[in-house]
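The chains carry the letters A, B, C and D, assigned in the order they are written, with residues numbered from 1 in each.
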C-alpha cells in the first residue's frame, strides 16, 4: 500500500471518551458528536456513539474521523437520554471496525456500552483466566476484558461489579460505562489517564479533556479522582471509591503533547504548563542566539516560554502545511526528503544569518529532528540550538501509549551528545524531569515512567 | 430512507456457508470467493472469509455482495490453507457489520472461525443461561451462542466440545467451524439446513449447496448427514455422529425456492424436483387453457412440468428486468404500481386473447400475485388460472427463514377461494403436500412445518 | 486491475435514451429514473438526467448503474417540467465521466441537453472540419459533434438547425434534444437506431424502447419514423421530416439481442420475433434430438420456437447465476474455466444421456460456445447440436455497436464447419438472413450489415 | 444537506496551478502531486493532473482534496514528460466535476491542457461573442473561454495564438498551458495573479507559489512577469511579451491571506510582509495592553510584528482545533455558537484579567470577530483591542476572489466605529493602505481594489 499515514516523530494517545447524562429533546447524540470532534486529536482511526433511550442501547461506530463517520441521519437515529462516545487511534495490525468502540454488549442485567482510554498491564493474564473459564474474545481491545469482568461480577448492582472489577484489573483506564439508565465514569486508582466532569444546564458530562466541555458550552466541574467511580443517574451524581490505595499518577505526557493546550487537567491549564516548561528549559539549557523558533504546533508554547525567560525574540521559522491529510502517497526512495517538506517548510528570510534556538516538545526517534536542522542550515541559519521541553524518552509505556520499540527510541540508545551529533545540531538541551515537574505543578503526582523508568504499576 | 430493498413476495433464506481444507499455494481465498459467489442467492447483505495459516486466523467481512466486499488485494492478504466463508441475508433491525460472519473468536484453546446457516429454537434460553454465568453478547446472531458453548466445553478436544454443544442446542444449523488446523462441518440432528461435501484434486470442501462445487470445478461427494460431524484435517476426513436420535427433516423449501436449480440435495437435483412438482400440480389442479406461463425465474421449472403433463404449450408471458438492483428509490404512493412493473412486464402478444395458466412456486403475502393477474388481464388475457407448485404457507418458520407475521401470511388467513378472489384469478390451485413430497422424492424425510404446522422440533 | 467486466460473447448496444415533456408537480425526474431503469440493459456504465424548469437546465450524471447514480435527494434537486435521460455502455478507453450523457451546453440561443444513441460514420470528418473552424472538443462522444453543429446552425429556430444538421451528419442516431421549453426527438433518415413515442395522461414521452413506457404506466403511441423530427412543447406534438431520402433500416440486432423482449419496435414485439426466428431455425436446420435447451436468457425465445416447430420438448439445461455482478475478480490463468462457470451451470440430470439441441441468439467470438458444449458433454449429453437464431456475424458495425475486430469475429474467419469443429459441437446451424428477416416481419426494412456487409450508409 | 462547509470569515482564493517540463523516468505525475499538495490551501474542492507523453495527453480530475483524488495506481497511469496540475476552490452552484481543471481539449492542432487561476472581467462578453459564432460551452469556467480563443487563433503557432488571445481577454489570469510538447506559462499584463518559475536538476517548473518548489526540492528562479509568456520545450526556456502595456498589479491579498507564509512573491517573503504589517499596525493603531494575541493561524505573523513594535509580549490566547474537517454537521439554531467553538477556544489562564490586543489579518463579514471578542470577555479579558493588519474590505473583487455581496461586507456598510460597536471590542484599528503597501514593499505595484475601489482593469 502506498497510501501510508503521515508519519511524525511523536508518541500517540490511543483514545478519547465523552458521555452525557441528559434527557429527551436535548440533542444528546449531536452534542456528543461535537464533544468527540473536540477530542479528535486523541484518536483518528475510528469513532462511535452509543445512546440509551427507554432502557435500550443503540449505537453506531465506523472507521474514520468523527466528521466522516456520522451524518445527520445517523445522529437522528441515535437520539436518547444518555450517551457514550469514543474516538480511537490504533496501532497497525488491529485496525478493524470490530475493535472500534464503544463496545456494546448484552449481559444478564441488560445492556451496557463501554468506552475505554488506557491499557491494562494484566490484560493478557486476565484474558487467559477468562478463557480458562470458557470466555471467547472477539476483539483485541481491553474493553472486552473489562466488560466480561463487569458482567460476571454484576449480580444486580453494577456499582459493586465495577468495584470488584477494579480489584482485578491493573493498569491505566479512564472508562465511561453506560447502562440503560446510568452513566458511570471510572478512573484507575493511579489516575494515569485523565477523565473530567462537566456540567451544562444542570446536566452532567464526562470527557477525557475539558476542551470538549468548552466546545459544547459546558463548564468543567472537576476531574474524576484516581480510583473514583462517578455514577450519574436520575438521582443526580454520586461518588464511590476504590477501597485500595489511590495515588496521583497522571500521565505527564498529557501535558507535554497529548492534551489539547486549552484543556485543564489536575487543575492546571496545559498550555500554561508548556509555556512554563519553556521557561525552565531556558534556565537549564540557555543558548546564545538571535531568535527562538518552534517546531509547530506542539513546540510553540514552550518556545514562547523560552523566549520570555531568555529575552531572545520568539519568531516563526517553520511553516506548517495546514492541509496535510492523514494519508498521502509515500514518496519513492529517491524523494524521501519530501515527507518532511510536505509538512514543514523553512521561512528562509527569518533564519538566514541567524543563530537559532529551535524548541520541540519531545524527541522520540530523532529522524525528523535531523531533517529540520538540515533545512534550517540550508536556509542559512548559522547555528541551530535544539531544545526539547521534556527529558529524553527512554522507556516504553505500558499504559496505553504507542511507544516505538526500544531500538527506535533514540533516547534509550544514545547519550545527549550522541543525539546532538546525529541530528547535526550545534547544541542540544533537554529539560530535566525536575524542571518538567515544576512546570506541570506540584499539585499532584505524575507518571513519568517513559523518562524515569519508574512505573507506578509493575508489569 | 428512500432507498428500499426491491420487495418481493418470497420467503428468504438467511445464509450460505463455504469452506475448504487445502494447502498453501492453492489460492484458497480466491476459490472461497468463487464458492460464495455461487451461493450469493442465499444472502446478499454481508460476506466474509476467514482463513487459517500457520495456526492463525485472519479474516475480512463487510456489508455488501461478495463482488463488492472483496478485491484482489484483500484476497491476497487472506492467503492460507483452510478457509471458512459466509454470505448473509438479514432481517431489518440487525443489519450491522457486527452481525456479519464468519464469527472469529479467541478462546482458551486458540482461535476459531464459525459460519452458521440456520436458527436455534432455544437461542434465547441458551443466551439467558450463558448470561447467568456471566457471558456477554456483542451480536444478535446464533453463532455467538454456539461459539460460547463450544469454547466452554472445549477442554482440549474440539470434537468433544461440538458433540456436547449439540446436546444443548436445538434447532436448525449447518455449521462450518475452522480452527487453526481443522475444518469441521456440522449438520443438526434433524438435518434441516443443507450442507454437502465436495472434493477437488484430493482436497475437501464444504458448501451449503453443490452448485458452488460445480463453479470451482469440484465434485459433490455427498451430503453431510443429519447429526454428522465431519472433521477434515491433516489426517484426512473423518465422521462422527451425534449420539441422540437423528432424522431426515431437510427443509422442503430448499427444493421449492431457496436452492439454486442446479444444486443437488438429498441426492436429488432441485430443478428436476421443481419440474416434477409442476407435473403433479397439473394432475391435482388441471386447467383448460391455451398456454402455460411462469412467474420468472422461480416458477419456470414447475411451469415446464405443468406443460409437459398437460400438453398445453409452455410460453414466456412475463419478462424480467435483468438489472433490478438490490435497491431502488421507492415510488411515491401515487406510483406504487411501478414497484412490480420495474421487475416484471407482460408480453402482450403472447397472452392477448389467451386462456393463461400462470405458475408460481409459492404465494406468501399475495400482493404481487394480484398485480400480475391484473397485468395479464390488462394485456388481454381472457382467463388467468393461477397455479402454485407448493401448498399454502400457513405457519411461521423457526429454523432460519424470515417468515412474515401471521397476519401477513395470506395462506394462514384466507381459504383458497378467498385468496383466488383477492388475487382476482379465474381459478387458483395449490399443489398438495403429498404432491410436493412425491416430487422431491421419498428418499428422505422433510421439514414441511410452514405448510403442515408439523414442526420436527418443538419451540 | 483485477476487477474486470464479466465477459460475455455478445455484441453490445451503446446507449438508451428517455425523455418526458410534462408539467410541474409530475415527478418528472423520478419518472425518468424509472424509465432509465427499464432501459438499463442498453448501457450500464454511466447514467444521467437533465431537466428543464423555468427555461433553465439542471443535470446530474455519473459513472454507475441508474440505481447507483441517483438517490432521492438528487432527484428532488432535479425537479422540472421536461427531462432528458441517458444510460451509456462504453468501450474501454473512453470510460470517463466527461463522456457521460446527456451532454448539456450553453450556446447563443440558451441551453440544451442532448442524449444520443448511435454512431456517426462521418464523425471524424465533421470533427476535423469543425476543428478547422476553431472548435475545441472536450469529449470523445458524437453528441459533442452534433451539439456543435446544432448550435452553429441555430439562428433562432432550433428546428431549422436540427434539419440542417441532419444534412451534415451521416450514420445512426436516435436523439433526444431538450431546450428550455421543448423536447425534441430525432431519428436518422435510415432509422437505424430505435426511438418511440409514448403517452400518459395526455403528456408525451420519448424512449429508445417501449418497455420503458410500460414500466412508468404510459402507452406506446408509435415509433418516431426514420428522418422524422418530433417537437413536443406547449403547443403539443408536431412532426417534421428530413427532406432527403428516408428509408427503413432498423438495426436487426435489436430484435436478435439488444432490445428487451417485451419491447415493440416497428410494430412488432421483440419476443415474438425471436420465437419466430426459432421456428424458422428449425425449418432450416432441423436436428434429431431429445430436448431443446437455450443459452439463457437471450436464447430462450428462439429455443421455445424451435421446440414448437420441431415437437422436441423445450427444457432448461443451463442455469444462470442471478447474482453475477458487473465485475468480479478475474480467475488466475489456471482457473480460467471458472469465468463461464460463475455464470452458467449445467443441469446434469436434464441432459445426461440426451441428444441436446442448444439454441443461442448469436455467436460473436465463439469462446463461450465451446465451453458450454464441453460442459454439456461432461454432464453426459451424448450429442450437442448447436443452433444459432441469426446468421454468422461477419462484418463490423459502424452504427454504434461495439464489434470485436475482424480477427476476433469467428464468423468472419471460419466456415460454419470450421466453427462447428472449433466449438466441438456435433452439428451447427445458423439461421439464414432470409429466415431472420421473415421472423422480424416484412413491415419494414432492416440494417443487417453485420451479417451481409450491405451497409445502408457508406463509411 | 446538513453537511455544510466549515464557514470562516475570510476571502477565498479560487485556484492553484503547477506544471513541470521534464523527461521520462522523472516521476512527473508524482512530483506534480506533491506540488499540488503544497498548493492545497488555494483550493480544496477538486484536483486534476494532465500529462503529455509522446505528444498525447492523459488526465485525471475529480472532486476532493489532492490526497483523496489520487492514488498510486492513478499516478502510475499518468506517467509522462510534461504535466499540468490544478486545485480548485469553487463558489456554491458550480461545484461539479465538469468544472474541475485542467481543461483538456482537442482542437485542430492537437490537444492541449489548460489550468487557470484568476477571473476575466470580460468573460461574459467573450462567451457571448463566441456563442454568436456558434461555440457551445460545457462548463462555467473561464478556462473554456480562453481555450476556445486559443484554439481559434492557433493557425500552427501556439505562441501567436496565445498572444492574440491576450489581446481579447481582460482580467486576471495565471495560466499553465500544456501541449503535446510544450509547457507554457502566461501571466496577465497587470500581473494580478501570481505565477513563478522554478528549477530542479536543469528542468523547469511553474507554480502559483514558490512553496511548491520548496516542497519538491526545486529552487525558485523568478516570477513570470506581468504580460510574459514563458515557453518551455525541448529547446529550453524562452520568454515572449504581450505587446500592450504591462503593469505591476499583483493582488495584495496574496500577502495578507491567500499565499502560504513561506512563499516568495515579487521577491518578498509573505511571512515577512505580514510581520511588517503588524509593525506598521502598531505604529498606526497603538494600544495600551498586557498581551498581544492572534487569531490563528493567519493573524499570527502580524501579531508578532505588533508585539515587536510595541514591546507588548506576544502570547497565544486562542487555540485552534487541528482536526476541523472541511465539513461538519451544522449545529441547530440553538447550538449556533458551537460553530466557532469547534474551531477556536480561548486559553482562559492567558487572558484572564488581561488587557488584550487581538490581531487578525482581515475582517470580511465580522460575524466571527464578535464571537471571538465575546469568548475573550467571557474568559475574563478586561479589555479587547481588535487590530486588523489590512484596511477594511469595501469593494468586491472581479479578479477571481469570491467576495461576499456588498451588503455582507461589513467594511462597505459601517464606519470603523460602527464595526467596533458591532463586534463589541473596546477599540478597533485597521492598518491603512499606505501602511500595508509599505509592508509588502515598494518593489512593485499592487492591486488593492478591494480596499480602494481602484481597479487596475475596468469591468
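What we mean here is this: contacts are C-beta pairs under 8 Å (C-beta built on N, C-alpha and C of every residue); 3 or more make two chains touch, one makes a residue touch a chain.
These numbers come from a predicted model, not from an experiment.
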Superposition of chain A upon chain C: rotation angle, C-alpha, nearest 5 degrees: 180
Greatest separation from chain C - chain, by CA centre: A
Centroid distance [mean C-alpha coordinates] between chain D and chain B, Å: 59
Whole-Å gap separating chain B and chain C, where each centre is the average of the chain's CA atoms: 35
Chain C and chain D, separation of their C-alpha mean positions in angstrom: 48
Residue list for chain D, restricted to those that touch at least two other chains: none
Partner chain B, residues of chain C touching it in the complex: 2-3, 27, 30-31, 33-34, 37-38, 40-41, 44, 65, 67-68, 70-72, 75, 211, 214-217, 260-262, 269, 271-272, 297, 300-301, 304, 308, 313-316, 319, 321-325, 327-329, 331-332, 335, 337-338, 341-342, 345-350
For the chain A and chain B complex, residues of the former touching the latter: 1, 73, 97-98, 103-108, 127-128, 131-138, 147-148, 151-153
